[in-house]
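Both complexes below contain subunit A, partnered by subunit B and then by subunit C.
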Partner chain A sequence: MLSQYIISQVVNGLCQGFIYALIALGFAVIVGIVGLATFTHGEIIMIGAYASYYIFLACGHNLILGLLASFSASWIVGIIIYKLCYERFLEAPEHISLICTIGFSMLLKNLAQIVFGAEKKPMLNVIENQIYKFGPVEISKVQFVIMGTVIVLSTTMMIIFNKTKWGIALRSVSQNREAAALVGINVKQTSMIGNCIGCAMAGVAGMLIGIYYQSISPTMGATLSMKAFSAATLGGLTSVPLSSLGGVVLGLIENLGISISTASFRDVFSFGFLIIMLIFKPTGFVKRKGARP
Partner chain B sequence: MLKVENLVVNYGYISALRGISFEVKEGEIITLIGANGAGKTTTLVSVSNLIKKESGKVIFKSQDITQTPPHKIVKMGMCHVPEGRKIFPELTVYENMISGTFGNPALSKEKINQLIEKQFTLFPRLKERRNQAGGTLSGGEQQMLAIARGLMMDPDIIMLDEPSLGLAPIIVEEIFELILRIRENGKTILLIEQNASMSLSIADRGYVLENGVVTLTGTGKELLVNEEVKKAYLGA
Partner chain C sequence: MKKNFVKKVTAVLLAGTMVASLVACGSTSESGNSATETTAVVDGTSKGTIKLGLVAPLTGVHAEYGQGFQAATKIAADEINAAGGANGYQLEIEVKDSAADPKTSADIVTQFCEDKDIKAIIGDFTSSACMADAPIVDQYQTVLLSPTASNPDYAPMSEYCFSVMYNQSNMAPWVGKSVIGKYMGVKSVAVMYLNTDWGISTNEYLLKGLEEAGVEVLADETYEENETDFSSVIAKLKASNAEAVCILDQGNVPTIINQIKSSGWNPLLVTQGPGASQQLLNLCGENAEDLIITDSSYITEDNPATKDFYQKFYAINQCAPTDHSLCAYNTVQMLAKAIVSIGDGEVTRESIKDALKTTSYDGMAGTVQFDENGGGVRQFLILGVEDGKYVVKEDYGFE
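Moving on, here comes the complex of A and B:
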């Protein structure tokens, strides 16, 4: 039954990869639109997870409510991050806001340990355990819901980015802030919205991860944000579709890797792949359009 | 329509503008000419409030806009086409033009479509390339796109910063003809140029900038035949 095992590992990898993709996509949106890197992304994931956890506790097993809760909680934290770490430092050298986000991430992590408790919490079983079979492929309902949520969210985002005036405003800010101000875009407000969209994606991903692994903790974000960073690097840091592709690839490689070794080597495979990728193709999958050859 | 009084701008210890005053009336083409470093671009960016002003006043449509944030100035009907075009390289030509409409939220969908058609008749080459990424256009086409983007907000005044920069002479002529056509459509134009002979020949009035002060002013024709201007800028 080796092939069966491989197939289920591919499904697991895809599911995991979709979550990474959602985080990476948020990261790419933030870096692209604000123009500054963030190291608070992992903590946003954690906040999103806790927000949905408490909503599930209070309101029962309502996935939509949990999603809304993690979306809005991380959106609000996104506003705070923007006001604290970015707004005053847009003109300053990049490392200042970068260090500011590192500091804020420590603050959030430790506050979370005080407020939520340092121990791991079991996530409620929101989705009942059920397995669908499509020929040789077996997908659990949890995986189904996760993939569905990611697909719906990312396509909505793609539509907003590529088809609406809002999207044109966001993209023009990411390409040239000064010119964007000159065509009448409120650059500060638009970058804040960009930052919040990125954070909200991470928050929802936090909820999905909580559901997938059945546990959440204040330090859950650390490795996840590194994974997202790797995935975004594969996509050249700012390209949204390629960053998501990077996430999926990373998830697949991890799960195929552990299927031939043990699960404790998970991170070895994903970060090893990142290193190899950076050595041989440092620009990631990106091919710039709009540049004259 | 636009009045600048005693504008002073410093870059650190260097004073870029040392008290510039000028006025643009409705329907005019006004040009500021001067050598590199005279303060032409600085004048425009400080009118648009992209940089801090030391002192002085900017009045637009009899409102003081000295401290108004840039995007609000744009919404009052002032359009600034920056030096070096600064189009959005990864947006298509069409999207670049749509981005121009953010400056005027009052525009209806029909009006936007009308404006796009209008720009396409003014710049037929952009129509051919409407789905191409802005960054793939040639320099002249990018300049046209930058002007078209500016016109999309249907501004009252359009400020052009060195539209001829780095373009072949034949394209420069094309651009200046366009500027005249834009004025015929009822816009006021503030033009900044190094190409003094071209800009003075289409301008109603001109100001000569030297080291951050206005040293000469007059109608375009007067300045064209002025001995000092001839010597310094026209190479005669």
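Moving on, here comes the complex of A and C:
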């Protein structure tokens, strides 16, 4: 009985971790790969979730259409954020654009409350509630979808950023804009597309989170984005797969901690682990200090 | 030439004002004749305006309730003003957003208290915010009438603190003893409650009721207000093998119910806190089936008593009102009744407080009055969800 309980808490931890990983993916792309500071990530998640919500309302529970809607809506918001918060401040100190994104995040959150309404919206039964049993392990269909998405997206991102010419160009922009411009890279456009990719990842995460928790609200991204930030920090802020790993580890630690205490201490376990980890290994899971991929 | 023009304009304006005054006097007496059922008393002339402050979470996680307060208090004030005002005084409500943050709420209440025109304050939504406001209204000797604060420690904090929401020391033991123990007839229960002043005190009183009824509590788990993933708490409750789960929360109840059902567990479910809201049914769909819910009102469009309020509220907020909004409506009506009972006396912050103590209001959902501390006293219903709709299982007075 006890082992069954521990197994279920490990599965819950893994699923929670994959949710964090899903958000951390986009965060790692924007902060780590493109080299931009952002505090709008939680709101992009919300925009992605609402885009898919309205598509599901209009066209029925079509996952592909929902995915396209959340991807493109958050991509567009990514362009707006880049134009407003980054483009004019590329040469300015980083905290200028950081503060811009804080302001923009407040604007988005409050606009969403006005436009979409402050109340939660239901996102019921988009993916059938089916539970698979593997011995003592029980996993639902939606949990499978989330785990699969995280694995596919982080692998794809890793290949794009490490193996393709465009990915390498993007990384070079984040390392040295002037040098990148000198070798013929369109710095502004490359940064913008990188930011949009990160935002689109968050948008897709928003849709999946909405499906998993079966409801969405204008404030849904706030808490999750803090955890994603922690997960990306654990991943050294520069690596997409390691940021995902950071998310999974955080989720596991939180849920195992809750199983021996109460859910009120959730943040104590996750942020406590982050602090201890950074004290003893400031680079997170990354091997080299200050390494850029 | 210019002088003549000014004279003409002045004459026309004066004539216009006189005609407007006559029309206004006529309409006031007319509405006064038909306003025998309302709290408004019309003496033919307007004595001026009484300003009330409303502090409510218009943004943040409780925004839907704060916006409900705003709409409901406006409806009540409009009705009273249209019927001639409260004892001839027109009511005006100044609204400020606290985001349910106790510190912001305390700042706003201080601003209201500093404004001598404001005679009483309505709000806030959470007990935590109201308890932060209590020392301030006590210092400034201004009434703070909360629509929803139900922590029993709140109203006794000051003679100026009132609440129209029932007190958890009355309702929660009743839920434990009469609803879970007697109506549901279960032998064991697992409880999950919100880690706030409201949640902690409700849980304490619930446990007393459960103990009285002889119901075994196999798990008693708490969580934070901004929690989104309840799977680890649910796994704990599931491992306890309890017959029923009792959820003490407001906004998180639909998420918790959905996550319990998604985990493949199907216990009996009972909740105290969210009220019989359409929003809960929308968010849970089939998952809400057979849920037992306790409330002190049941507001629908079909109920003749609540139809008018429902329609007016829906026109403003595009969603159905909950008991919280009805309570906000009641606060304005009760303040108006208190002002009426002051009669010819001067309407001051002090006289409103004295009058409010003995005020009772017979509204859409029965009689509302205050206990000796200023806490709300109301009656309760047991409702169940059947085929996606609320059904009254036990009427007022079930013990």
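Heads up, the rule we're going with is that the second predicted complex is superposed on the first by the 285 of 293 C-alpha atoms of A that agree within 3 Å, B and C clash if a C-alpha of one lies under 4 Å from a C-alpha of the other, contacts with A are read in each partner's own complex, and residues count from 1 in each chain.
Please note the rule applied: a residue touches a chain if its C-beta (ideal position, glycine included) is under 8 Å from a C-beta of that chain, and two chains touch if they have at least 3 such contacts.
Owing to the predicted nature of the structure, the values given are computational and were not obtained by experimental measurement.
Undergrad: Touch test for A:264: subunit B only (first), subunit C only (second), both, or neither?
TA: second
Undergrad: Touch check for A:110: first (subunit B), second (subunit C), both, or neither?
TA: second
Undergrad: Regarding the shared-chain residue A:16, is it in contact with subunit B (first), subunit C (second), both, or neither?
TA: It touches subunit C, and subunit B stays clear.
Undergrad: Touching A:140, do we find subunit B (first), subunit C (second), both, or neither?
TA: A:140 contacts subunit C only, not subunit B.
Undergrad: When the two structures are overlaid on chain A, which partner does A:5 contact: first (subunit B), second (subunit C), both, or neither?
TA: second
Undergrad: May I ask you to name which of subunit B and subunit C touches more residues of subunit A?
TA: Counting contacted residues of subunit A, the larger count belongs to C.
Undergrad: Could you give the residue numbers on subunit A that contact subunit B in one complex and subunit C in the other?
TA: none
Undergrad: For subunit A, which residues count as touching subunit B in their complex?
TA: 165, 168-169, 171-172, 175-176, 178-187, 289-292
Undergrad: In their shared complex, at which residues does subunit A touch subunit C?
TA: So the residues of subunit A in touch with subunit C come to 1, 4-5, 8-9, 12-13, 15-16, 19, 110, 113, 117-122, 124-125, 129, 131, 138, 140, 142, 213-215, 217, 219-220, 222-224, 254-255, 258-259, 262-264, 266-267.
Undergrad: Enumerate the contact residues on subunit C facing subunit A in the complex.
TA: Within the complex, subunit C contacts subunit A at residues 59-61, 63-64, 67, 195, 221-224, 226-233, 235-236, 238-239, 251, 254-255, 258-259, 261-264, 279, 282-285, 287, 318-319.
Undergrad: Going by the contact rule set out above, which residues of subunit B touch subunit A in the complex?
TA: It is residues 48, 50, 69-71, 74-75, 79-82, 86-91, 95, 98-104, 133-136, 149-150, 153 of subunit B that touch subunit A.
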